[in-house]
Structure formats: C-alpha cells, structure tokens
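In structure tokens below, several structures.
Two complexes are shown next, each including chain A; its partner changes from chain B in the first to chain C in the second.
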Partner chain A sequence: MADQIFFGAAPYVLLTIAVVGLFWRFSTNRYSWSTQSSQFLENRTLFFGSFPWHYGIITILVGHFIAFLIPSLVFAWNGAPARLYLLELVGLALGFLALFGLLALIYRRITNARVKTMTSSWDVLILIILIIQVVTGLGNAIFYRWGSNWYAAAAVPWMWSILKFNPNVDFVRNLPLNTKIHIFNAMIFIGFIPFSRLVHFVVINPYKYLVRPYQVVRWYHRNPKTENIVQYK
Partner chain B sequence: MDIRAQLSMSFHMDKCIGCHTCSVSCKNVWTTRRGAEYMWWNNVETKPGAGYPLTWEDQERYRGGWEVSGGSLRLKLLKGPGKIRTLANIFFQPNLPTIDDYYEPFTYDYQNLFNAPASDDQPTARAKSLITGDFMEKIALGPNWDDDMAGSPLYAANDPNLKGLSDSQKELLTKFHKLFFFYFPRICNHCLNPACVASCPSGAIYKRGEDGIVLIDQDTCRAWRFCVSACPFKKPYYNWATGKSEKCIFCYPRTETGQANACAHACTGRIRFVGVLFYDADRIEEVAKSPDERLVEAMREIILDPNDPRVVEEAKKAGIDENWINAAQQSPAYNIFKKWRIGMPNHPEFRTLPMNFYIPPLSPILHNAKADGGGMFDPVSTEFFTEIDKMRVPVRFLANFLSAGNEQVVIESLKKQMAVRLYVRQQRIGDVGDAAVKSALSAVGLTPKDCEDIYRVLTLGTFQERFVIPETHREAQTTVDPRTMYEKRGTVGFGTKKREIITGRQW
Partner chain C sequence: MVLESSKKMLKGGVRLAAALFLFMGLMSAPAMAAENAAAAAVVTPAAAPVAAEPVEHGDASIGEQLFKGEVRLVNGGPPCISCHSISVGALNGGVLGPNLTKIYADPTKNGFVSDAWINGGGSPVMGPIFAEKNITEGEVNNLRAFFQKQSKGEVAGSATGGFVIIGLAGFIGILIIFSIIWAGRYSKRAGNTAHDALWRNYGGKGGR
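On to the complex of A and B.
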C-alpha cells in the first residue's frame, strides 16, 4: 500500500506541482528566476565546490536520461564485462566528484559569513535533498552491484509506466530501501524546482547563445510589444 | 548604410573638481537599495589611481573587452574561438571580480552614540557591514578610497596607464613638486560594440535601437555574471542580494522626456555635455578591428555628419524623428568628438567603441625642470606648443587611457585647447600678439569661429547648449509619465512591472 502511495500516486502530485509551479512562477514572478550566484561574495571555496559539483552531477544526470530514453543501449553496452566495469567506474567517480563538490558547497555556506547571510531556508532544504540524493546514489552504485543494468531494467520501465498514465509499482516494489529513497527523493527534488533557485537549470537561453549573433538590439519603435514597456494610466 | 542614433556624454576633464555631486545624485536616484550599496553607476576616480574596482583597466587580470585574433573580433574572455568557453565557465568564472575588489559596503552603529550606557569613555559608532550586519574590525577599502592620490605608492602605482612611462615621469606620483593629478568621472560608455551584451548567455542585455542606451532586462537576467567580467570598464554590477546584474541606464526615463541625466544635471563644474550622434551600424565590426594607432580616427569616421543632406535623408529613411535630426545637428557630442576633434574615447583599445568622450586636461609645464626651484607656468607663453613633453601629466599617460597609446591624438587636443586659450586671452587682455595667435591657430587648424564656439560651449555653455536631448516620441517611450518619477525612485528604472522595491531574495 505504501508503495502504491509513494510510487503510484506521489509522482503525479509532484510532477503536477513542478509543471504548474514552473508555469506559475514564470508568468507571475520572472524577476526571481535567477541562479542567485554568490561567487561575487566568495570565490575561493566556490571553485572547489561549483566546478566538481556541476560537472559531476550534470554528467550523471545526462547518463540517467540517456538510459531512460534508450534502455536497450545500456544493455547492449553492458554486454561485455569490460565495458560494464568502465561505465560503473566512471559513474562512481563522477558521483564522488559531485559529492566532493557538494560537501565543499555546504562547508562554504556554513562557514562563510557573507554567504551565510544570503542563504534562504529554501537553500538549506535543497542542500539536504541533494546530499540525500548523492549519498543514496553512491550507495546504490557501491552496495547493489551493476546499478546501470537494473536501473534500465526496473526503474526505467517504472518511469515509463508513470508517464504513460499506467503506473506499475511492481517494477520498483522489490528494490532495496536505499534505492527507494533515491527514487522518491528524486521526485521530491523535481517537485521543488519551481520553489527555489533550482529554476536556474530550467533555462533555454544559454543554449541559444551559441547560435545567436554577439549583439542584441531591441527596437521599441518597430516592435511596440517589446517586453518591459509599462503603460501607466 | 544602416544609420542609427546614439546618446553620448562628453566630459571636460579640466573643469572636473572631483566633488562627486554626480555620483551622489546618481546614487540617490538609482542605487540606494540593499545589494546596490556598493554600486556607483557614476563614479569619479583620481588619475593616476587604481580605480574602482581596483585596477579595472588591467585586462590581463579581468580579460574584459575584445581582441582581434586571426582577423576576427572575439571576446577576450573566451580565450579561444567560439562561444563554448562561455558556457564551460558558467559555473565558476575565473575572471570575475569579487566584492573585495570594490569594497564591502558598511554603515556605522550610530544608535550606540545615543544608547550607550553611561561610562568614562566617549561612545563610538563602530563600522558595521551592510552584507552580514557584523561589526567590522577594520575598513579595508571604501568608495573613492584613493581619492586625491591618497596612498599613491600602494594604489596609484598600480595604475596600468603608467605603462611605458620613464622613471622620472613616474615621479609625478611621489615628488611633491612634480605632483599632478586630475579627476576622471565615469559612467557606462553605452558602447557601439558592447562586450557585456556579447557575453550575456541569457541575451538579457541589449542595446536600444532608438537611442543606443544599453540596458539589462531584469526579468531575463539569470545571474550568469558574464557581463561583469566581459565589460572592460566594469560598469555592469552584480546585485548580490537580488541575484541580478544592474548597470547605468543613462537615466533613460529622464532622457526620454528630454531631461538631462541626473549626474550631468547635478554637475557643479558643468563639465558634462550630452548630445545625439548618428553612426553607421554596418561599419561597427570593421572599425572595431582597426589597428590600435588608428582606432580613434576610425571611430571618428563611423560618426556621420548630421549636416550632410545625404545623411539627413538616410536618417529619415531609417525612421529617425525630425527632432532627433535637429538635435544631432546641434549636438555638443558631435562637435567635441568629430568636428573639433578635442574629445576622445576612454580606452578605445578595448574595442568596444565607447560612446563617451573626454577632453584631456591641460597641466602646468614643468618650468622648473632645470632650476628645480619653483616657478609658475606663464600663460602668455606659446612655449606650450614646443614643450608639451614637459607637461606635468606626461602625454604618454593620457594617450594610454584615451587614445590606445596614440600620442598625436592627445597632443592635437591639448594644442587646440591651448590655442583657444591664447585666442581668447588676446581678445580679452591683448598681451599675446595677433601673430602669435594666428600661428597657434594655423598650427592646429582652427578658425577664429571654431575658437569662439569652443570657448562658448566649454566655458559659458548654457543648460540648453550643454544638453541637447531630444524627446523620445510618446508612442516609443518606455516610461511614459514623468510624474511617476518619484514613485519609481529606487525601482532600478528598468521599467519592471513591479512597483515595490525588491531588496533581496524572494525564494
């Protein structure tokens, strides 16, 4: 029954919160859509936190995402043991990289007075969610061997069943507790995106930057609908 | 030809007395909010000096501006072809200045002066950080810290413009009888080829087509902070409280209604001039790629003559309003930069094509160079023309920060200013001699009419002569009713839809 609630119903609640929340925040309070970077206040420890954290976690997320889209690719790759070891090892290393970065970021947030004053309760909550996520993720990789294989075999079909509005909890029912926490925490994380600085990775513009011309010119004359125009009565 | 209009400010540095009235009026109008205390959209530096933020001109450290590499123009920040490097550094920027390069904003614990319990000692108001709220042991840096060359061996000695000066010239920092400094007021240059715009991954920064003002769209800014690194003048500032970058907005809510900018309006020395320039946007890249010694000349070429009937026709075709064309024809900016050729851009070698122009200061000739005794500059003397290298401020220094090292451009301006002085002195006092004046004028290619005009605008200029700011047509205005100006005080002036002042994080 608990599985039904956590992995059958909760995903819908949290996904709805994420989608509606993002739309709500974007349409009502675009001004607050920011990374809230604190590099300007402290940049020495940040280097050891931000770089490893972002590069580690983004690569791992991309890995999760590829396996989610094409699980057969994972099975094909893992067919030869050497390649399986390589994948697992790289994943583990990136996980530790992200953990190292995250710990550095937490340390910085606790010890630096300037960064501390700019820390909101949402930041604390996010850091707790993230550390749970990374630690349980590493736990999966270390204690429950060949996670890449059973991620593609169990979690991916479950995720697809959720997306197809036909939730099948059987896929995840028998997973170890550590993995269940990892999965449920990930959903909490998604549900939190609209309510924190996490919105900063829901952005399109930086990718457009690579193809747009250097200079941006806006003409109010030619396009009166340009954003920012205020009409006072 | 793609003709566009640009609002431009010029500064007559000889007349700047370093009173900071401009900075204070700017601060009162725009940056009195939390997170913006350390920002001075307008600031006045002492030159030689380290500046604000410290050594901002040192692009080896900050990597702001552009460089020409393999025949193409690219952001110095990218250190390689393509923009991928920008995205690769998005999580941590190696070249970003931190608050310690500006100063930690502080206030004083004034309440203690009233509330302190009775004691044998006088109560004090200790400094308190405006970031953390904690008491500060020591104020290490503040606004205008090295004003009037305070601590020059520590601060002014690091001025990157001292590059290429001989040791004896550098004595202007330390030897009292050689000492000379001047003030350098700075606002955003609203460049034609802005590096901040080019570096913004969000596309939040833009140049307005109608008047060339460079703005940051506060709703699109995502705090990637590239503008701060890429701008060689360090004029975009990061608001650490709201997580948005902000910059000088050229007081566009004022200029749109034909009013002078807050800084320029308040200027007690009347050193500022605001006017319209027409330029050819098709040639921006070509001009920005010019070799260093030709940069100022190339920038003068891109500015079009508003009295040329063909230019007027093109301007009309481009949809520029009649009142803008009229304003361009009376523009002090055009006269100072292009017609009289006495103004020059700040650090053109950064290749952003800055659109503020500076008239370099004259300084006394070191008459006592040989005698080492004392002595004053003799204003009657025409010696200035031959002994310009004996000026207290070395031409090299001025050239380093006004003309990409091209001394001829600076000398031309200095000699013209001196010619005007001689001309007017001959008229008023008559002790220079007509022949001397005539030869001075012909040496620099000025006509008596030019001298009259330069003298009139630079010294007697009325409000209307100094600020020729056309109103923006009502349908194209971004902030319409000037009566709302008071309400909008402190709301950043970006035309954001929020009436309330946002002073911190919301999430």
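On to the complex of A and C.
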C-alpha cells in the first residue's frame, strides 16, 4: 500500500506540481531565479564547490537521462565487463566529485557570515534533498552494483509506466530501501524545482552555463534603491 | 528564527551524513567479505550430496557470454551480471542479488536456475522484468552448464573495496585536472571584471 502511494500516486502529484509550478513561476516571478549575487558574498569556496558539483552532477544526470530514453544502449555498452566497469567507475568518480562540491557549498553556507545571512529556508531544504540524493546514489553505486544495468532494467520501465499512465509499482517495490529513498527523493526534487533556486536549470539553453566565461550576477530589483544600477525594463 | 534552527539542523545533518558515509565506506569491505564467507560456508557442505553429477546439455561458454551480457538474451532481458556475481571478471559481478557461484551445487537452490522460476516471479525483483522479457529454455540450459562449471571453483571476493578505491582515485584525478585547467583563472583574465569594480567601489583591492 505504501509503495502504491510513494511510487504509484506521488509521482503524478509531484510532476503536476512541477509543471504547473513552473508556469506559475515563469508568469509571476521569472527573473528571481538567478543567484543573489553569490560571487559578491564569497568567491573562493564557491568556485571549489560549484565547479566540482555541477560538472559531477550534470554528467551523472545526463547519464540517467540517456538511459531513460534508450535503455538498450546501456546494455549494448555494458555488453563487455571491461566497459561495464569503466562506466561504473566513471560514474562513481563523478559521484564523489559531486559530493565533494556539495559538501564545499554546504560548508560555505554554514561558515561564511554573509552567505549565511542570505540563506533562505528553501536553500536549506534543497541542500538537504541534494545531499540525500547524492549519498543514496553513491550507496547504490557501491553497495548495490551494477546500478547502470539494473537502473535500465527495473527503474526505467517503472518511469515509462508512470509516463504512460499505467504505473507498474512492481518494478521498484522490492528494490533496496536505499534505492527507494533515492527514487522518491528524486521526485521530491522535481516537485520543488519551481519554488526554489533549482529553477535556474530550467532555461532554454542550459548548455551555455558550461562554456560561458564566469560573470558577476547582481541582484535584480524591480524598484532599484540606488541610482547607480542600470534599470532593465 | 526558523532559518536559524534549520541551519543548525543542516549542520548536524551534514556531520551525520559525513560520518555515516565514512562509516559505511570503512565497514563495506569487511562486511562484504564476511557475507561472502558466510554464503560460501552455507553452500559448501551442501555440495557433498551431489554425488553423481548430472549432465548439462547446454554450452558453458555461451552461458558465460549470456551471463556477462556479451550475448544479449533474445527477448531483451538484462544480463545476469547486472545484479549477480559468479566469480568472473576483474571486479566480479553485481551485488544487488545473491552470489551465484555455488548455486548449482546447492540442491535447495539448484531449481531456481530454470525458465519457469525466473519468468514466473520466483524472485520478487526479477519477476516483473522477466515476466515481460522471458528468458528461454535454451538460454537457461546454457546458463546451467556455466553455473555447473563455476560451482566447482572458488568463490571470488566482491571487489567492493577495489571498486571504491579506483573510484576515489578517479575523483582525485578529476580534481587535479580541474586545478590545472583553472589554475590561472584570475591572473590570466583579460582586463578587470565587474567584480573588481564592485570591490573598488567599497574600498577593496579587487580580485577575490
């Protein structure tokens, strides 16, 4: 029964919240998703946190997404143990990279007074969700190998069953608790996108984040308090 | 107020997560080794009653290829190595499911290596997968021949420790590459950034 709620009903609730919420956010508050001048507050730890975190997590997310779209590709690649080991080791290294970056970002939020002052409750919540996601993901990779294969065999069919409006909870019902937390937490993450700083990756051309020169992002005020700041209408 | 308390919670949570992660990492190798030893201990005595060895008609080498995924199961099911180990490969097989090295020699489990058991939902995790993508009788015969061969050998370790160590080495390697690529990110910048200008406005030196 609990599995039906968590993996049969909750996905629809959270996906609906995500989609409707994004329209709401875009129509009411679209320029509020950039960082609140975070580089101005503290720059050094931000670099060592943000770069490892984003390069690690984005590569892993792309891997999840490709396997979701073309699961047979995973089996084709993993058709030789050497390639399977290579994929899993690269995934594990990137997982450690993401964890390192995330811990650095959390450390920055806790220790830097200026950053601490600007931290919202949403930021705290999102960091908790992200750390759970990364730790359980590493748990899957290390203690329940080989995740790339059984993700494509068990989790992907469940995801497609959700999208086809015919949820088959049996695919994930008997997976380890660590994996179930990873899956459910991912859905919470998706549901929270519109309300938090996570909206920053729901943009038309997110790849530009990877190649553009670093820049200073300033606060956007609808009613600027000083004359010096250029107004964008 | 709420923010302060949530920050404290976050701080505590991070410490706990870090400690747990470290603990899990340290405990994994001996725990896995103990698990394998226990599994081997349970299975080994059962091997004795199999006096007259049955003849398997399948091909063990094809069975090995099916197990590793080098030859795909004809109906698209995932290869056994996804979740099971059978003491082949440098880092062995998966550990989501039980180690199958000695399953053939265990009379209580030998029957699980059948298309009826696998496709019929004998395992709760495999059931829904193979109900849709049946394994065939011919494939199972080849696997049985391979399992028979493997059951005569030693149970190899799970290689979790080695896997983690290589992964950590890869992570450190990526960090080093990052450091090299972005070593001159401030000193080599063209002209001043807006960031420098902001700092000068407030009496700072620029840069960081």
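Things worth noting here:
Everything below uses one rule, namely that the second predicted complex is superposed on the first by the 201 of 233 C-alpha atoms of A that agree within 3 Å, B and C clash if a C-alpha of one lies under 4 Å from a C-alpha of the other, contacts with A are read in each partner's own complex, and residues count from 1 in each chain.
Just so we're on the same page, a contact is a pair of C-beta atoms (placed from the backbone, for glycine too) under 8 Å apart; a residue touches a chain by one contact, two chains touch by 3 or more.
Quantities reported herein were computed from a predicted structural model and do not represent experimental measurements.
Once chain A of one complex is fitted onto chain A of the other, the partner contacts of A:Ala80 are limited to chain C, with no touch recorded for chain B. In the superposition on chain A, A:Ser196 makes contact with chain B only, not with chain C. Within the superposed three-chain model, A:Leu46 lies in touch with chain B and out of touch with chain C [touch as defined at top]. Legend: residue contacts after superposition of the two complexes on their common chain; A:Ser120 is shown touching both chain B and chain C.
Of the two partner chains placed by superposition, only chain B is touched by A:His54; chain C is not. With both structures placed on the common chain, the touch criterion links A:Asn29 to chain B but leaves chain C unconnected. When the two structures are aligned on the shared chain, A:Val135 is found in touch with chain C, with no touch to chain B. In the superposition on chain A, the residues of chain A contacting both chain B and chain C are 39-40, 43, 47, 51, 55, 116, 120, 214-216.
Per the touch definition, chain A reaches chain C in the complex via residues 39-40, 43-44, 47, 51-52, 55, 72, 75, 78-82, 84-85, 88-90, 92-97, 99-100, 103, 106-107, 109-110, 116, 119-121, 124-125, 127-128, 131, 135, 138-139, 141-146, 149-150, 152-154, 157, 168, 170-171, 173-176, 214-216.
Against chain A, the residues of chain B that register as touching in their complex are 75, 83-84, 86-87, 90-93, 96-99, 131-134, 193-194, 197-198, 200-210, 217-225, 228, 238, 240-244, 319, 473, 475-481, 484, 494-498, 502, 505-507.
Chain C contributes residues 2-3, 6-7, 9-11, 13-14, 17-18, 20-21, 24-25, 28, 68-70, 72, 76-79, 81-83, 88-91, 93-96, 124-125, 127-129, 132, 160, 163-164, 166-171, 173-175, 178, 182, 185, 193-195, 198, 208 to its touches with chain A in the complex. Put simply, chain A touches chain B in their complex at residues 29-43, 46-47, 50-51, 53-55, 113-114, 116-118, 120, 122, 195-197, 199-200, 203, 205-206, 208-210, 212, 214-222, 224, 227-232.
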